[in-house]
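Both complexes shown next keep subunit A, but they swap its partner, so subunit B is in the first and subunit C is in the second.
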Partner chain A sequence: MTVTPLGIPRRLLEFTIDGEVARVPEGSTILDACRAAGKDVPTLCEGDTLRPKNACRVCVVEVEGARTLVPACSRKAEPGMVVRSGGERVRHSRRIVLELLASSVDLSTTPRVAGWLKEYEAKPDRFGPAAARLDEEPRVDNDLYVRDYGKCILCYKCVDACGDQWQNSFAISVAGRGFGARIAVEHDAPLTDSACVYCGNCVEVCPTGALSPKREFDMRAAGTWDESRQTETTTVCAYCGVGCTLTLHVQDNEIVGVTSPHDNPVTHGNLCIKGRFGYQHVQNRG
Partner chain B sequence: MRKRQPKTYPRLTHPLVRDARDEPFRRADWPEALDRVARGLERNRDAFGMFSCARATNETNYVAQKFARVVMGTNNVDSCNRTCHAPSVAGLSAAFGSGGGTSSYEEIEHTDVIVMWGSNARFAHPIFFQHVLKGIRGGARMYAVDPRRTSTAEWAESWLGLNVGTDIPMAHAIGREIIHAGLANEAFIRRATTGFEAYRALVAPWTLSLAEKVTGVPARAIRELAHAYARAERAQLCWTLGITEHHNGTDNVRALINLSLLTGQVGRWGAGLQPLRGQNNVQGGGDMGAIPNRLPGFQDILDPDTRLKFESAWDTVIRPHYGLNLTEMFEAMEEGTLKAVYCIGENPAQSEADSEQAVRRLTALDFLVVQDIFLTRTAELADVVLPATAGWAETEGTTTNSERRVQRVRRAVTPPGEAREDIDILCALAARLGHDWKYADSEAVWNELRSVSPDHYGMTYDRLAEHQGIQWPCPSTERLEPTYLHGRLWETEPERRGTPAPFGLVRHDPPVDLTDEEYPVRLTTGRRLDSYNTGVQSGGYPSPLRRGEYIELCPEDAERYGVVVGEEVRVSSRRGAVVAPVWIDTALRPGLAFMTMHFPDEVDTNQLTIEANCPIAGTAEFKASAIRVEKLPVATIVR
Partner chain C sequence: MDLHFGDSKPTDEERAAVDALLGPPESSWEGADRTDADLRWARGGRAARDRRDLLLPGLHAVNDRIGWISEGALGYLCRRLTVPPAEAYGVATFYAMFSVEPRPATVLHVCTDLACTAAGAAGLCAGVEKGAGPGVHVERSPCLGLCERAPAALAIRAGDPVRTAVAAPATVTAALLAATAPDSAPEEDPPALAVPQAGQEGLTLLRRVGVVDPASLDDYRANGGYTALRHAFALGPAGVIREVTDSGLVGRGGAAFPTGRKWQATASRPEQPHHLVCNADESEPGTFKDRVLMEGDPYSLVEAMTIAAYAIGAHRGHLYLRGEYPRALARMEHAVAQARARGFLGADVLGQGFAFDIEIRRGAGAYICGEETALFNSIEGYRGEPRSKPPFPVEQGLFGRPTVENNVETLVNVLPILTMGAPAYAAIGTERSTGPKLFCVSGSVDRPGVYELPFGATLGELLQLAGVRENLRAVLLGGAAGGFVRPDELGIPLTFEGTREAGTTLGSGVVMAFDDSVPLPELLLRIARFFRDESCGQCVPCRVGTVRQEEALHRIVARTGADAAGDVALLREVGRAMRDASICGLGQTAWNAVESAIDRLGAYR
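This part shows the complex of A and B:
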């Protein structure tokens, strides 16, 4: 007889979203249920490989009986819950959150945000030009990745990925308090003087492009980065025997970036320095 | 920090040939290059060896070993698995009849005790170590057994800093303590193992206090590890090259396996043995039969039925004896009985122990063809160099990782110039040598392998994509097997339990290269996080962590020799000498030095290492050389 571990069986629970019945496995979040029902809920700080941080608040929904709006990314679905994912209260909240974020942070490289600004009729300009912006040059202190804190929405995903949730290097942390809070390495030193091991697992989870591979950063600066011309091919890393799945991003027959699928059983989206950045040798084409 | 100009390797874009070894290469077209290779191999039919590639796909390895066996009529086929984990394969197959790690990465997240023995996985296998960290975060206790207090050891409950080459005394002392504390799993031993009484007698002298004397590890630390491992509901024993790269590597592996047999920590979900492999496809290369004693699917060449199956599948006669392994092939070069080598993607001129000797032997060959993506140091010695494609980014195929998971690799970029795929080149040569093989694509090769290897039969390309890789064994296209091996050992019916696993009766044998007054320092070697093997690959990207090659010493030794960080010193062993700058690392202790082999173009560490080989697996003792460190006279500092 073959024994295959099946995991603990999970019951389905039933509740309503926008008047329709939703059935999801126990332990699912409202966000999971909304996505399963084909509803587009905007998210920024939500990470499929990380525990919910509830930092950005753009995914809020209304739960009947709850005093405040709840973040869909962390609130577990409960039997009999009545959820409204798109009422005026929700739209108003999302609009304000998007306006505050977009007025204080450069969201130009954040995927999908332009569409959400339009959808929620957000007008970030109404606070005046570049309100409360950090106005800081991108930090280019190594050849592998760049930190542009002008694009940082303080979602803490990089802190979690570098910390106890995945990499356990603890090179990245939050410095300062309140309005002065920002992401930094110890003593705000250059990366090269920090505990950073350049795995780039922070880059992988960054939702806004505040952290980006140097290659992408340079190509964007030169105006040659063009995702519409890029292909993505899944393969396996060429270094050690662990066998991490890589997604090669190729533009004009050049590998321009490497990521890993977040649902991969070996990597869970994480790589090491060699896997993420060590691809240049195949294209030293003389 | 000193200025470094690391050598970077441009891709090979067209075939290179020459008429004599002292001539420079000239560019050739493919037909000429292939004709030359065919002639060179033809005239050395009885003196041929194939170095297959632990970096290439399973499909390439399958065709390469078939080329050696069918076209050249020899079982002399091997790969760099010989320089790393051949002892793990030999030890595991001697105990269980199968050479793969017995567990899966996910299981280590749910185990109770993790032993990392001779393994700095935090640096060498970072993503595997993330699974270990999940386990530790979930409450597992990890023990690190390593001469160096590595960054892996920083996460340990306890670090057992043993003397280099005393792994067997440590393992035997743990075994003895488990028996004496009454923690041995007697039911498992009785049902699923043989040779326990002899093992008990063998380890009887290894008391904790004797082990403390020999290994340098406090008796109570050994005792703690023994009790933790034996009492754990589930325990994982992981090792890397600290165990295998010794002149008795296979014995070391057997000594560790004994501990799992003693406690029943194998063959169950979450309990097992995990050798961490060093190349992307070193597991697969062996599985595909690119080793001298096994046919594809890890089937023994000496078994007549197996041979018959392959002979009818390949329409050939397979020699009924083992071929030469990599180490023996190098020795045969010395004796003149091996005269032609076909080297695919390996760099033995820099990766073999005692590299000067390796280069001399390769140079003395009648014919050397190297198929690679770079002009490596080995390729520089060749008669013909064939430009190949990069397995992981320019070809279709599969590779097999440390947890036996076969995964698809895919073509993402077009190879440069006239570079051709390995299989394509092999088939073109086979045709010139009278064998017309037609493979439409890599999937056709894979399906041929599936038809001869029951363990791979269930893995169609479609299923591999669907499941993000499948672990062997996978005999059925309908279902998946458990993620761990050897569950049969726990069956209650004797016939379903199969062959019991024998205890390995192995004895302590200290490193061959003894330290003495002349060579007082023990040099051990290993990997750094951002670099890889001989650096041909990893030298291609600008790592902020990379600082080049250093001889790493502990602060006490640096003070004794009066040397400081960055100062160049002369490092000599009984075989050679190199000049290297000093780095000071508090993870070391007096009398222990550390170097890597990542920068052989700067400092050729393997001039120092000893070619003392494991007689079973042929792996050299990279981990233990005796060296001397000398300050350079002031006048010679100018280089």
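This part shows the complex of A and C:
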């Protein structure tokens, strides 16, 4: 039997976004309210299964009375707040943040970012050809997933997923400081010398494609990865008694990846090495 | 937590350094040799994890003994404290004073920051780099907090014990001597020489500097020490908070927040325990007042922290002291030990039934750790990254508990408030900026040092006192996070409201005078490099924005007018987003000084 927890009913609080009244349950963030009101606020480091880290600052909005802009993803709505989710000041910071990111890392596999760059009229090239970039080679040190930190925006999601929020393996951390900060295992060693158990839960939350399953990485390199030709099939993992829900991503009748729904009450999108990467036997047609 | 430790083993020396801090390991789970008993039950776990806050002291222990932190040493420390090695690596690589690569045992930090650049740091650096043998690693450093004796160098030689020596003002020979023979290098100037007013009548905060023996508790008591604490016990905690509130005291660390309100907010929180943290991380370029107070009158800070803790109901205080302040550290350690031995700290302070003790924690080279929440993370053994607020420290601070964090100078002000009474204290200064204020004057003046003046004196009066030299071109107020003003603006009153009205800031009390010997664009480039180097890297506007700012300033270092206009416009746009969208004060202020130089001084015009 599945019991869906309903929780204690939460009181509604009222405030305004762009002059319109918003009513949201207590504890909601400004982002929750904006989304409920159908407003598109760009987000990168926010994740539906993780506590907000508020590192990227692309989601900033204006709150009357606040000295600076505030991150919509992590600031809780308060009664009577007056929020502006657009306007020149907000658009300016979002544009600069997008330009700073696009001029320093490879965003080619970050979903939606091309649209935002256009919407905010961002011109990352204006920092000139000499602008410092991350420029890192992809690290292919194991058979299951690839780390391409030239695409990393340092959103901390992988670290949080690997740490106490989900996996409790603590295999990765941010190392270094400032522009030199990178995601790394201890001593920046290969993954195979670390505490990593290859659950792939970091890959699942990575918003940029900096982390990708080896299969996807290889297919992209070969030019055969094509999401428009992929279908999704829901099933249950056959390996152990937990019975995690799996979504098989299939292209040309081949499984090319496995995920789990983020709103699944058992997995919250997380899996283990077997469920995530152990699908080859399914297609073993003998 | 199922931790994975690599195969690297610590050397005997590394193990000894860690064991000297933590005691010998109890079982093979913590890195001792394996016994049969270890196979039957596991130890460590939660009890060891609760000591995560010993990670930073542990890294210091290894770095102090060996000079760098090897894989084996880090692994052993992680085993002892049940810390994931990836996280410990992330912490070790956060701090400028640590190295995870082999390097010589002696590191010579040569300051290349503003006051030292104006005093010829470039030549000093070049000479030192040429003259240093293979046994000395030369590190170009941000402000070492010795600006009154610019140019400055600090040598640290790893060993047991670690040795340090300061050369300031430094010549190439003196700096190299400090590095090669720290034990026989000449003793650095006493702190009183950093206080041109030392011994004068009418001083309040500085009155004991150069007058008392900083090692002697008896001398401190003979000069009025510990009268304020007795007043405090007579008033009771609520009474102390009332006095501090009525005095109008606001924080001297840069943010100018009313101290009484902070104390009240923490005192009234139901969660226990409450914590007191003294912020002695003093790393704002041009600031050295806290160092002079701690070196010259260390017991006053011990007494002030005791009073603050009593008022807010804290029994444990942390003093977070800048890693590059060896003499202040030694004097504070001595003072705390003396106070403890004599019953001024401990289970029953002065027989009043109040328990309080102070733990000293050393920073390790990170300006950002002076930000109040980054400082909590640093003490707790995490990377010194600021937390998002709310929640505020008074609700969830150190170890997630209600915490008061105050600057050294702020706390020391509590002593005169209690001895003279709030009304008399509030009568000093102006209505909205009460009390005496310390100013750190350096640069193009004949008598650089820490000055104490009542709030309300003008910038010109202060500079006159310090003997400002001819050809004054600009004055930097508030440090790298502050702003420049012109020589025709010396009438600005040195108060919080006066500087705000003039569109600038008092910050931490930095007043740096510049003549025309160093081109302004060079100074701006140094400020930009400081922020680029010191950004924690957490948020995009600051992590990348400070890099783009430095790049643009590089491009226009020798340009003006139309040739610079495009980049000046770019700087404004990036600066505005850094100010608006960065998480903490570092990114929010990283463009202040550059902006003021463009708008007020007409740089690049």
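Heads up, the rule we're going with is that the second predicted complex is superposed on the first by the 278 of 286 C-alpha atoms of A that agree within 3 Å, B and C clash if a C-alpha of one lies under 4 Å from a C-alpha of the other, contacts with A are read in each partner's own complex, and residues count from 1 in each chain.
Operating definition for what follows: a contact is a pair of C-beta atoms (placed from the backbone, for glycine too) under 8 Å apart; a residue touches a chain by one contact, two chains touch by 3 or more.
This structure is a prediction, so every number in the text was calculated from the model and none was measured.
> Put subunit B and subunit C onto subunit A via the superposition and say whether they clash or fit.
With subunit A aligned, subunit B clears subunit C, so fit.
> Examine A:Arg177 and indicate which partner it touches, taking first as subunit B and second as subunit C; both and neither are also allowed.
second
> Looking at A:Ile96 after the superposition, I want to know if it touches subunit B, subunit C, both of them or none. Which is it: first, second, both, neither?
second
> If we overlay the two complexes on their shared chain A, which of subunit B and subunit C does A:Gln283 touch? Say first, second, both or neither.
The first partner, subunit B, only.
> Examine A:Cys272 and indicate which partner it touches, taking first as subunit B and second as subunit C; both and neither are also allowed.
In the superposition, A:Cys272 contacts subunit B only.
> Look at A:Leu69 in the shared chain and tell me whether it touches subunit B only, subunit C only, both, or neither; answer first, second, both or neither.
A:Leu69 sits against subunit C, while subunit B stays out of touch.
> Angle at the Cα centre of subunit A spanned by the Cα centres of subunit C and subunit B: state it in steps of 10 degrees.
Taking the centre of subunit A as apex, the angle works out to 110 degrees.
> Taking the superposition as given, does A:Asn168 touch the first partner, subunit B, the second, subunit C, both, or neither?
both
> For the superposed arrangement, tell me the lowest C-alpha distance between subunit B and subunit C in Å.
Closest C-alpha pair between subunit B and subunit C: 5 Å.
> Residues of subunit A that sit at the subunit B interface in one complex and at the subunit C interface in the other, please.
168
> Spell out the part of subunit A that touches subunit B in their complex, as residue ranges.
Touching subunit B from subunit A are residues 2-5, 142-144, 164, 166-168, 191-192, 196-199, 231, 233-246, 248, 250, 253-255, 261, 263-268, 270-275, 277-286.
> What part of subunit B is in contact with subunit A in the complex they form?
For this pair, the touching residues of subunit B are 8-11, 13, 55, 105-106, 124-128, 130, 133, 137, 155, 269, 276-283, 373-374, 390-394, 399-403, 405, 407-414, 416-417, 468-469, 479-483, 487, 529-530, 532, 536-545.
> List the residues on subunit C that touch subunit A in their complex, please.
Residues of subunit C touching subunit A: 1-4, 6, 71, 74, 84-90, 93-94, 100, 366, 383, 388, 532-541, 543-548, 551, 555, 570, 573-574, 576-577, 579-583, 588.
> Using the touch definition from the top, list the residues of subunit A that touch subunit C in their complex.
54-58, 60, 68-69, 71, 74, 89, 92-93, 95-97, 100-101, 103-104, 126-128, 130-132, 153-154, 156, 168-181, 184-189, 193-195
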